[in-house]
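Here the chain labels run A, B and C in written order, and each chain numbers its own residues starting at 1.
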Amino acid sequence: MEVETCLRKMGLVLPEPPEPVGHYQAFVRAGNLVFISGQLPLINGALTHRGQVGSDLTLDEGYDAARTCALNVLAQIKKALGGFQRLRAIVRLDGYINAATGFSDLSRVLDGASDLFAQTLRERAGHSRTVAAHSGLPLNAAVEVVAIVEVE
Amino acid sequence: MEVETCLRKMGLVLPEPPEPVGHYQAFVRAGNLVFISGQLPLINGALTHRGQVGSDLTLDEGYDAARTCALNVLAQIKKALGGFQRLRAIVRLDGYINAATGFSDLSRVLDGASDLFAQTLRERAGHSRTVAAHSGLPLNAAVEVVAIVEVE
Amino acid sequence: MEVETCLRKMGLVLPEPPEPVGHYQAFVRAGNLVFISGQLPLINGALTHRGQVGSDLTLDEGYDAARTCALNVLAQIKKALGGFQRLRAIVRLDGYINAATGFSDLSRVLDGASDLFAQTLRERAGHSRTVAAHSGLPLNAAVEVVAIVEVE
């Protein structure tokens, strides 16, 4: 099943890929790898999840924030590759969590991104992953998700 | 000398490579690069070093935590490549240190990982490196170590 | 125009590339990618910007710190490639900002690095980017900049 068909069945729509919030590119290709810039939970230019997970936001809200970041990763992949046909795999995913002191359930937050990839990309979803808490993120976003993908 | 022989002479044993603590893969290969997921100081499923370096843990304990993370990186490399023969080099190492406010001796902590690679991989150990303090890590681990390796 | 000519017109000089502050290499090549270790705002072995942006340092000082880190990235590229002729592009830039709690104008700080690349590398500057706040950095540096570059 197509990625966007999967999303529709989940009640989700691929957003417009956000423009960079600084002097850089949204993605850069080198050989068969595409490096995608850090994606925030932005929909139509507005942050959907702001503040720290574990104080301002619950774990479930953090999970949703990570899922929205992952939607933007998918939107950037579509723009970079002209669709999903030539995507071979998500190779690496880094999750930066804006988290309250003492909140260490970081992996469950980032599963919001990983689960979306599993549900839409299936066997092409399998990625290595890192996650850590940060004392702040751009625009005070709750989550930032970074990806490296491989192209056929 | 073989990697595991080196480890034995140091009184160390290669652990079982830890399973991912979320919905992702322990490693993913793309071309000649293998991206290894963030490794925690886990031995047999239990954290050996928990809390913040500089308050809960001393610098020396942080160094040991980084070394245990590096042992798990070696264990993942062995599993990914079926041994160490085809390993060309550790290309990049990122150290995430769960550190108390004001603790900035982060490079010495991560040397626990770099030194282990030097002692066991010799000329194949040489890696680029980044290190930074984080306000938290998964499971409240003291250190997380991330690696990209090159395959022959 | 040559990179170093651009720098001179801006009143800047390429510094000596800093030595690693731990047991690792300043850069490692794998295929057509060169992974450059985290660069601090070091000039002649001394930190130019220390402390947290948003409390100890202003946004403008943070921007200058990021620019000095980027100068060191250029110095490492020159050393790694024997000049800038074979540089194809900066592929990925990660900015680690030592930032006060609540300071979220992180993208503007890292623009100090991105702008320098745009001014000196022109069409080869275009990079993907990530940025996040950290509760500490090595030597209490204000900024650390990490780069992956592609070689012809």
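Assume a contact is a pair of C-beta atoms (placed from the backbone, for glycine too) under 8 Å apart; a residue touches a chain by one contact, two chains touch by 3 or more.
On a predicted model such as this, the values are computed, not experimentally measured, just so you know.
Enquirer: What chains, if any, are shared contacts of subunit B and subunit C?
Expert: A
Enquirer: How far, in degrees, do you have to turn subunit A to put its CA atoms on top of subunit C, rounded to the nearest 5?
Expert: In short, 120 degrees.
Enquirer: Is the contact between subunit A and subunit B built from the same residue numbers on each copy (over half shared) or from different ones (under half shared)?
Expert: Both copies touch with mostly different residues.
Enquirer: Please tell me the distance, in whole Å, between the geometric centres of subunit A and subunit B computed from their C-alpha atoms.
Expert: Subunit A and subunit B have C-alpha centres separated by 25 Å.
Enquirer: Residues of subunit C that touch two or more other chains: which are they?
Expert: 31, 134-135
Enquirer: Give every residue of subunit A touching subunit B within the complex, in rising order.
Expert: Per the touch definition, subunit A meets subunit B at residues 31-33, 88-89, 91-93, 97, 99, 101-104, 106-108, 110-111, 114-115, 118, 126-135, 148, 150.
Enquirer: How about subunit A: which of its residues touch subunit C in the complex?
Expert: That would be residues 20-28, 30-31, 35-38, 94, 96, 134-140, 144, 146 of subunit A.
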